[in-house]
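Heads up, there are several structures right after this.
Okay, so subunit A shows up in both of these, paired with subunit B first and subunit C after.
Moving on, here comes the complex of A and B:
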């Protein structure tokens, strides 16, 4: 394992260990997302065919909106003192970005995986089509993890809990569109390759942007 | 100073010419007088693209050179662009109510234009939150580059997703699709709005430069000579 990947792995392990100790994602954000999935039918009316139709879209909206909380939480964990220690240890900023985004992506994947069967049960959507969604889950988790980490680096220390969602949500619309269209495409029998490609391209672009901007953004935050 | 006044005067004169041209064209065959709204809606949309494109150029310029003039360009252009983007949405809603019967519809162009508006509101929000000019410039430059991805998506959304919004009539494959009278009036309107944009951007950049100079002067005045540990002796304290 090269130095950069080793550092990234250590950062990811640190973030995941923090999550394991506090359980903020699994014990707080997941139930919060589940509550949102339950509130939507109450707001739009308990109409089974309608809920079956809108279920996948609602699921992806909840993943997007509540997934931002996961990435914000990760970034809020590091105060200026921790950042200084990591810098003094000679940590590569790109490794920090990669490790943090990786940990966020893994937590988001868990978040998606827990909510998916719940959405299936609540909205009564046809589970046959949802098998294909298994390919989309990691792509969305990685994309959202990368975008959230990048936005958190841009807005570090500047009202992060409110500003990061404002940056992430509009920019993640292509991901929401692609994920929803894959589910809809499966339902109506349309091709989904283009949407999957969009997710892959977006993940790659965000990864490149995140790695390139890591050092200048870290310097700007000090 | 004279050049600035000339730019403002030219923008004002072109706006008057736009008003005259917009009133001179005959009512459109199907939409009637409502089509005159296009002489504000289309230039405003064009200027939003232009302004956010200039924000991209300014952001990339700052990242490449680290010179503050690029940051001022990016910030000023984003602020003017947000105003024109908001104007585009507002006028589009008025148009939608008159032609489609609703203030808002879930058309790809409308939604993506609104999303572009929020992206640049986030950009301005980020700038307001950072006091240090260098940190502000560095961080917002990355967002200025990242946010520009939206511009081509918004423009070509009417081609990629078939919705209620009409396809582009000017920047489109196959050339301009418009009567000569409308085309000339629209060209004058676009020119006028571009001049207004240039005038506003220039003023904004001047203000930003003046603010930076004032902040630097205040900061230099606040610094105590030899630090706070040493104070000048007061009258009567020295034997």
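Moving on, here comes the complex of A and C:
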């Protein structure tokens, strides 16, 4: 393993270990996401065809909105003293970005996987169509993990964490569109290749942007 | 808690590059945050093998100077070099692993145990993991190694910071409020660390509000006043 990937792995491992001990995602964000999924049918009422039609869109909206909370979770945040330690250890900022984004993507994948069966049950969607969505879950998890980590780094540079949702939500719209359209395309038998490609391209662009901007953003945050 | 062992740690620190004659060389350096000058027209030279005490009132710029020396801040005026690397150029990134900083706030991860914290440091820095147990024993935390940092007292966390610096064996040691929150046994660790760095041919800058406590460790004191050097070198004796 090269130095960068070894360091990225260590950062991801540390973040995941911390999450397992604090339970910030599994014990707090997942239940809130599930509650949000349950509230929507209550608001719409018992209209099975409508629920089935809006189900995929609602699921992805909840994933993206609550996914922001996963990416900016407090348990993975490095305080100023910890940042100083990491910097003086010679940690490559790109490795820190990759490690944090990787850990967030894994947690987002768990988040998506827990909520998907619940959405199926609540919205009565055809499970055959949803099978194909499994291919989209990792792409969205990686994209959102990268986007959230990049947004957190930008927000740290201007010392304002409140910026994170303002950056993440608009930029995640193409992901929401693509993920919803894949699900809808499968349901009505339309082609989904273009939307899958959009997700892949977004993930690649975010990865390149995150790696290239990691050091300037880290230095700006001081 | 067992007393700290006075012998210098001879662990496997990975940084073996030669130390330049002037470990710190600042010339008319200034640091401004926005329009506010924090450091002004500061000249400071610290030779290899030297330890310097940094004193001054609250707000005089001591911590900012330490952060500048740690390359965590860049000068806005003047020129400076640390371990031969200019503080204004990207070459400062390369010397960062050779600098050890112990600041006001411990940099341990609260949800990790002391041992996990140090093992994480070792793996990031590429240091063999066997050294972790040894340094924990040396700072008197051997029996508390499985305790999470959040459950440790401030003094224990400071000892954990000392263990981290022992592990990485820096060429330039920067200690902020060196004796804050330490009992007399842990205070010996400060002397042990400073002496270890000096023997290796590095340098140390020790900030303290108690000059009397660090006088035996340092060759001279530099006094800061309102961001400028008020006294460039009173002999510690």
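In this section, the second predicted complex is superposed on the first by the 214 of 222 C-alpha atoms of A that agree within 3 Å, B and C clash if a C-alpha of one lies under 4 Å from a C-alpha of the other, contacts with A are read in each partner's own complex, and residues count from 1 in each chain.
Going forward, a contact is a pair of C-beta atoms (placed from the backbone, for glycine too) under 8 Å apart; a residue touches a chain by one contact, two chains touch by 3 or more.
Here the structure is a predicted model, which is why all the values come from computation and not from measurement.
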Checklist entry - Where does A:22 make contact in the superposed view: on subunit B (first), on subunit C (second), on both, or on neither? => result second
Next on the checklist: Just checking: does A:10 make contact with subunit B only, subunit C only, both, or neither of them? Give me first, second, both or neither.
Outcome noted: second
Checklist entry - Regarding the shared-chain residue A:154, is it in contact with subunit B (first), subunit C (second), both, or neither? => result first
Checklist entry - Thinking of the overlay built on chain A, is A:221 touched by subunit B (first), by subunit C (second), by both, or by neither? => result first
Checklist entry - Regarding the shared-chain residue A:170, is it in contact with subunit B (first), subunit C (second), both, or neither? => result first
Next on the checklist: Output check: A:85 vs subunit B and subunit C. Expected answer is one of first, second, both, neither. What do you get?
Outcome noted: second
Checklist outcome for this item: So the subunit A residues that subunit B and subunit C both touch are none
Next on the checklist: Applying the document's contact rule, which stretches of subunit B touch subunit A when the two form their complex?
Outcome noted: 63, 112, 115-116, 118-119, 121-122, 125-126, 129-130, 134-135, 138-140, 142-143, 145-147, 149-150, 153
Next on the checklist: Looking at the complex, which residues from subunit A come into contact with subunit C?
Outcome noted: 3, 6-7, 10, 14, 17-18, 21-22, 75, 79-82, 84-91, 215, 222
Item to check | Residues of subunit A that touch subunit B when the two form their complex | outcome: 150, 154-156, 158-159, 163, 166-167, 169-171, 173-174, 205, 209, 213, 216-217, 219-221
Checklist entry - Given the complex with subunit A, which residues does subunit C contribute to the contact? => result 70, 72-73, 93, 96-97, 99-101, 103-109, 111-112, 116, 120-121, 123-126, 164, 168
